[in-house]
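Both complexes shown next keep chain A, but they swap its partner, so chain B is in the first and chain C is in the second.
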Partner chain A sequence: MTSAVPDAAAPSPAVRVAGWSLHLPGAGTLADDLADWSGVPVQRLAGALAGAVPAERAHETLGRKGLLYKEPATRLALCAVHRALGLAPGRVRPDGVDPETAVVVAGNLGNVATVAELARTIHAEGGRAVSPLAAPNASSNVLASTIALWFGFGGANLMLCSGATAGLDAVRTAALLLRAGRAGRVLVVGSEPADETAIGLHQAGCATSQLRAGAACLVLTRAAPSGRGPVLLTAARQATCRLGPGGFDPATRWGDCYGAAGVVNLALAAALLDAGGSGPIAVTCGDDTDGEREVWLTADPGDSAEAITPDTPRVVFVDGGSGAQR
Partner chain B sequence: MNRVVVTGLGPVSSIGIGVSAFTDGLREGRSGISPIRSFDASGFPRRNAGEVPDFRPETLLRRIEPTRWGRSSQFAAAAARLALADSGLDPATVAPDRVGAVVGTTSGESVVVETVTAQQVEGGFAAMDPELLGQMAAGRLAHAVSTELELAGESLTLATACSASNYAIGYAYDTLVTGEADVMFAGGADSVCRWAHAGFFRLGALTADACSPFDRDRSGILTGEGGAMLLLETLDHARTRGARIYGEVLGYGVNCDANHPVAPDRASIAECMRTAHRNAAVKPEDVDYICAHGTGTPANDSVEAQAIFDVFGDRVPPVSSIKSMIGHTMGAASGFGAIAGALAITHGFLPPTINWTTPDPALAGLDPVPNTARETGVRVVQNNGFAFGGNNAIVLIGAVE
Partner chain C sequence: MPARLTASELRTCFGDGAQTFAALLAGRSGIGPLRHGTPSALNVAHGYHIDDGLTRDFAASRWVAECASRAIVAAGLDPRRRRMVALVGTGLRELAAVEAYATGGTAVAAHRLHFGDAVGGAVPGLREVVTVSNACSAGGHVLALAEDLLMLGEADAVLVCGVDATTESMLAMIGRVVERPTDTVRPFDVDRQGVLLGDGAAAVVLVPDDDGRPALARVVATGLSCDAHHETAPSVSGIARAMRDALTRGDRHPAEVDLVVAHGTGTALNDPAECAAIREVLVAGGADPLVTAVKGATGHTSGAAALVNLDVGRRCLADGQVPPVVGLRSPLPEGAGLRFADTTIAHQPRLVQCDAFGFGGVNAVTLVEAP
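This part shows the complex of A and B:
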């Protein structure tokens, strides 16, 4: 990256959602549900939730080349980025590497099928039977690095696997990168698969919701006064509505994207504002085990002056109790 | 803008547990490599690793119950407990929500994952031990630290593979610089496990008995394990409480090659060094020592050295790899490098690259501090961390001016 030395004494820039996508295969009914709940006409919402192909048909969005050995969560994540950038269907051939664009991905279960398969192979046939081609997919951060390779993003690159809060943990991390001047643009991506291993693990840990494969992407930038797109707020204020646990929760109405849920919910809030819904919208993710995180999104530029910090309220539940309560 | 300093070190390593033993290990050029004990490696042609067989979590941990946490979480929490003790900080003097933990890892709770997966293979999902499932999430590494030390601030695990500790230190640095916390525990943890061993073996990246970075005949890594945590705090906070200061985190740089899944990229690594130098406001000639990523694979050491040559020209500082002593501890690796760098500044010595016998003509001009620690003044250390996926993260640590 070529960014300057961060200067925390300078006025902190707000963070703008300059673009987004919801890549939730089979989520057409979610638009109807959200329209009923919010009062926003479904015609304005349906487009945001349409056009998401499942992982096995990712080539319809991404083109045919390069998808061999790419796992479902990786394919969904690539689709979400492709669509958030507004690209036409087909393979992207980056001209070079953009050092100003960082990638932060949230997800917990993208690699578990590969890990289980590796262990199964070693167990059954011994270490020599492990395919070297499968090894990169055993790293949980393969999603983030694959996005960087595919689109040519040379900024910071990381993957958060912090459980149910991972999505908004990623948003917070992205805001910190922007605020510290370490990136000019951050692609925040949430993605989870729903294979047998992932579902089994998810149910073993949290049986109240049904894991569902899906991804979402947010294009975050430092807010310029003339920019387009809603702005993140962190100051507590009266929200018009809430997306996520405690409000309209896609996890219970459609399916749980677990580590991607925070990104999904925030992208859904952006879609709702874009469709004419009023803000600020409170966006949450988390559960009783992993803690909760919350952020607010507004389309009103007048609110941006209060968006002074990337930090978002976080309640950490560890060892059965809230950290703040100990 | 706050300055950030290192005031506590917590190494749990194969060459020593605790800062005193680890310092002695670095000075003596001790090898922590031994025959693998944590799993049956008899079927592998490679059977050595940098395990920490002397790790007794119950003797270090005061609050969390070791049996309820996986080995990597135990490493992280024990290392943080050691760092706290080393710092002399009285936790009661800091608001709990102003203290956080950021832990980097490659494989998370790999031993637990392996065990649960074996149960699944044997008897299906119903055979999986629910208690172990609860221990499996990688995000628990940071939660283990938060729970052990009763921290209510940020609690985040970063899975940026083998540069994850430097990412964690960078994240903590930004949090402190921007005034969002007063104290942060940052570093990494990973455990030796069968599937990582198998994976690296099949990639052709494992050497047999001794890891020899920068040697002409280097032939690969040895997997390692441990926990490496640093206590970071703002300079004001440290001075107010009269803390002993090891060094200052001057800044860091991160980037991504966006070029190849596993092969390192010379130009991108060089650019990451320049980014880190800019952020830390140091020039190449200010750097006294580079604690290298230095895995001991032909590819890494060659590319890393070439990138160093590109950035430092004809003034290349000594470059050594502590992986020659402790193996490749994955997500903890650059945390151990940062600890070694802080100790180098404080005690005035360069950790050696052991197992080094033959100069590599392709690396002419590189001084690997062969085999014996060197006494010398050190003011600025560059700590390199690189990872699969082209994740580069470099931290600069300096003596406090």
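This part shows the complex of A and C:
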């Protein structure tokens, strides 16, 4: 939190995806599907979707210590962060707290199984029968705070639970933190489980797709002109393709990561660009109930004239309609 | 970058914001019998409840919608004619509905766990409603994001809400850590027993600092930090970072802070840590602030707590009176040297610090002054 507060009049730099990971257990076929759809060779995409262990095998990525009582969505999220940071398998031992790195997590259902189980235990046996080790999971932000504690990230820590739009709401919130000088780096994570309670709630929302457990992570930074990694855009004249509802939608082709979908789709766009696909790629998430969100991602610095800066069209939180006059 | 507060509406166990402040000045407590779950099973006998005569099913949605409607009217804004978004901070969302589902009720649609429907329905014309679930400091976190949206010109006005009712799972966790049920919340007391939950909802409207319309207060800055220290125990250095962040962002000196509306939960760990951070940042920086706290009167309103503190802070600025710490009899030893309000005190603050700290070490500290 030591970043300088920006002068509102000065143009702020664009937001870059400096790292990313897709942690979608059992999504090997998604690489074939995306390769077919996009024309990008599958050999280049397969690596991005490989290596995602399911929650019960999270220790293969994270090491054995500290995973007791960690919910599946938390485990998947930790794996996604671990891999986005390019760390070797094994427990991370942060050597201090990094106040410059913030965490923004998107997800809705991560702790519903725990909350349901706690309620059943309280009704059957009383509150004394509840394990104090489960206590942190009663709070919905356990996912975000666990990432901070695990990796030593001391910047702003936010848990977005806004339904189907949460993923891109988190991306845009992260961009806001960077541009407002609240962080030098933001880990954006989307994660959802697919336990019985979560599926029950998801289906009750009249979902047309099947909930599936998965996570993804994006490492967002303020873009230096010479930096590496694709750049987020708030608007693009013409997208080459669209990932998410209205385009190649993993939710219908593989499984729906619900609140994490926006992060998954954006990480998939990064994978596609990295594999040689051309941009800008439109990335969407949302549904009829919660609304839709859209951002664009490009690998070409030449496109970054429309990167997120105060001078560009305001798509962030704004529809740009005629009512926009102040 | 400052923003102006043009509306601030509450719903607590006492009623609206004016009724809440009057009760605080009178030193009253809103405690009553627990109205959610079975007290003997939860080891929690009391709560600070809103009694609107209606069901507790989806009560948080109802209360936050009602506050949002009132705030929009009070601000005199038409969201259809402005770029206006809503941010809703909450600790527990509508997880009580998940508990009902798990214990024999029907499945609730996933989107009803957040407040998009409730606030969007109450305030037509909002561009978006985004729910942020950040435990007991959620209201302070969404306040910070609102300030950023206005500073960067991404919205013309922001409706900032906070809300929480109760869940059995959270009540059980509160009951789990005490020997016998807590009688009352005693912030900063040497004999404090622990926290109790309060129902609460709040909605405020923020506009840019250069907006000319009458304002209730000026929100100077909100600082954020995460302890990254311990799953449940607070960290003095993490809390102090949020305090310093607010001062830095607001370009203010610690010595200027002359009132703290503290987080003050009455728990074993929060109160000493908060005292230490106030001493480390403010007192060591030359301040001698009066310290008050509301949770002995309102209970812990969790997602709404930061905005309840903000409303109390702005009323202290306007009235020149600071309410006492209801429930405080004898200050804790770690509070030595701090001036706790032990009765209603005539005091005209210039810069008020409002604290909110949440589970997982998520801290939000807001500085507010007269408009």
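The rule is simple: the second predicted complex is superposed on the first by the 306 of 326 C-alpha atoms of A that agree within 3 Å, B and C clash if a C-alpha of one lies under 4 Å from a C-alpha of the other, contacts with A are read in each partner's own complex, and residues count from 1 in each chain.
We take it that a residue touches a chain if its C-beta (ideal position, glycine included) is under 8 Å from a C-beta of that chain, and two chains touch if they have at least 3 such contacts.
Bear in mind that the values here come from a model prediction, so they are computed numbers and not experimental data.
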| query | In the superposed model on chain A, is it clash or fit for chain B and chain C? | reply | clash
| Once the shared chain is lined up, is A:D249 touching chain B (first), chain C (second), both, or neither of them? | neither
| query | Which partner does A:P132 reach: the first (chain B), the second (chain C), both, or neither? | reply | both
| task | Please indicate which partner A:V97 is in contact with in the superposed arrangement: first for chain B, second for chain C, both, or neither. | result | both
| task | Scan A:H202 for contacts with chain B and chain C and give back first, second, both or neither. | result | second
| message | Using the superposition on chain A as set up above, list the residues of chain A that contact both chain B and chain C. | response | 1-2, 5, 8, 94, 97, 99, 102-103, 108, 112, 115-116, 118-120, 122-123, 126-128, 130, 132, 135-136, 138-142, 144-146, 148-149, 151-163, 169, 173, 176, 179-180, 182, 197, 200-201, 204-205, 290-291, 314, 316, 318-319, 323-324, 326
| said: For the complex, give me every residue of chain C touching chain A. | reply: 1, 37, 40-44, 80-83, 85, 90-93, 95, 98-103, 106-114, 116-117, 127-135, 141, 144-145, 147-149, 151-156, 167-173, 175-177, 223-232, 237-238, 241-242, 244-245, 248-249, 251, 358-362
| request: Spell out the part of chain B that touches chain A in their complex, as residue ranges. | output: 1-2, 43-44, 64, 96-97, 106, 108, 113-114, 117-118, 120-121, 125, 128, 130, 133-134, 136-139, 142-143, 146-147, 150-161, 167, 171, 174-175, 177-180, 194-195, 197-199, 201-204, 251, 253-262, 268, 271, 275, 278-279, 281, 387-391
| message | Considering only the defined contacts, which chain A positions touch chain B in the complex? | response | 1-9, 94, 97, 99, 102-103, 108, 112, 115-116, 118-120, 122-124, 126-128, 130-132, 135-136, 138-142, 144-146, 148-149, 151-163, 166, 169, 173, 176, 179-180, 182, 197, 200-201, 204-205, 290-291, 309, 311, 314, 316, 318-319, 322-324, 326
| message | Could you list, by residue number, the parts of chain A that touch chain C in their complex? | response | 1-2, 5, 8, 12, 94, 97, 99, 102-103, 108-109, 111-112, 114-120, 122-123, 126-128, 130, 132, 135-136, 138-142, 144-146, 148-149, 151-165, 169, 173, 176-177, 179-180, 182, 197, 200-207, 258, 289-291, 310, 314, 316-319, 323-324, 326
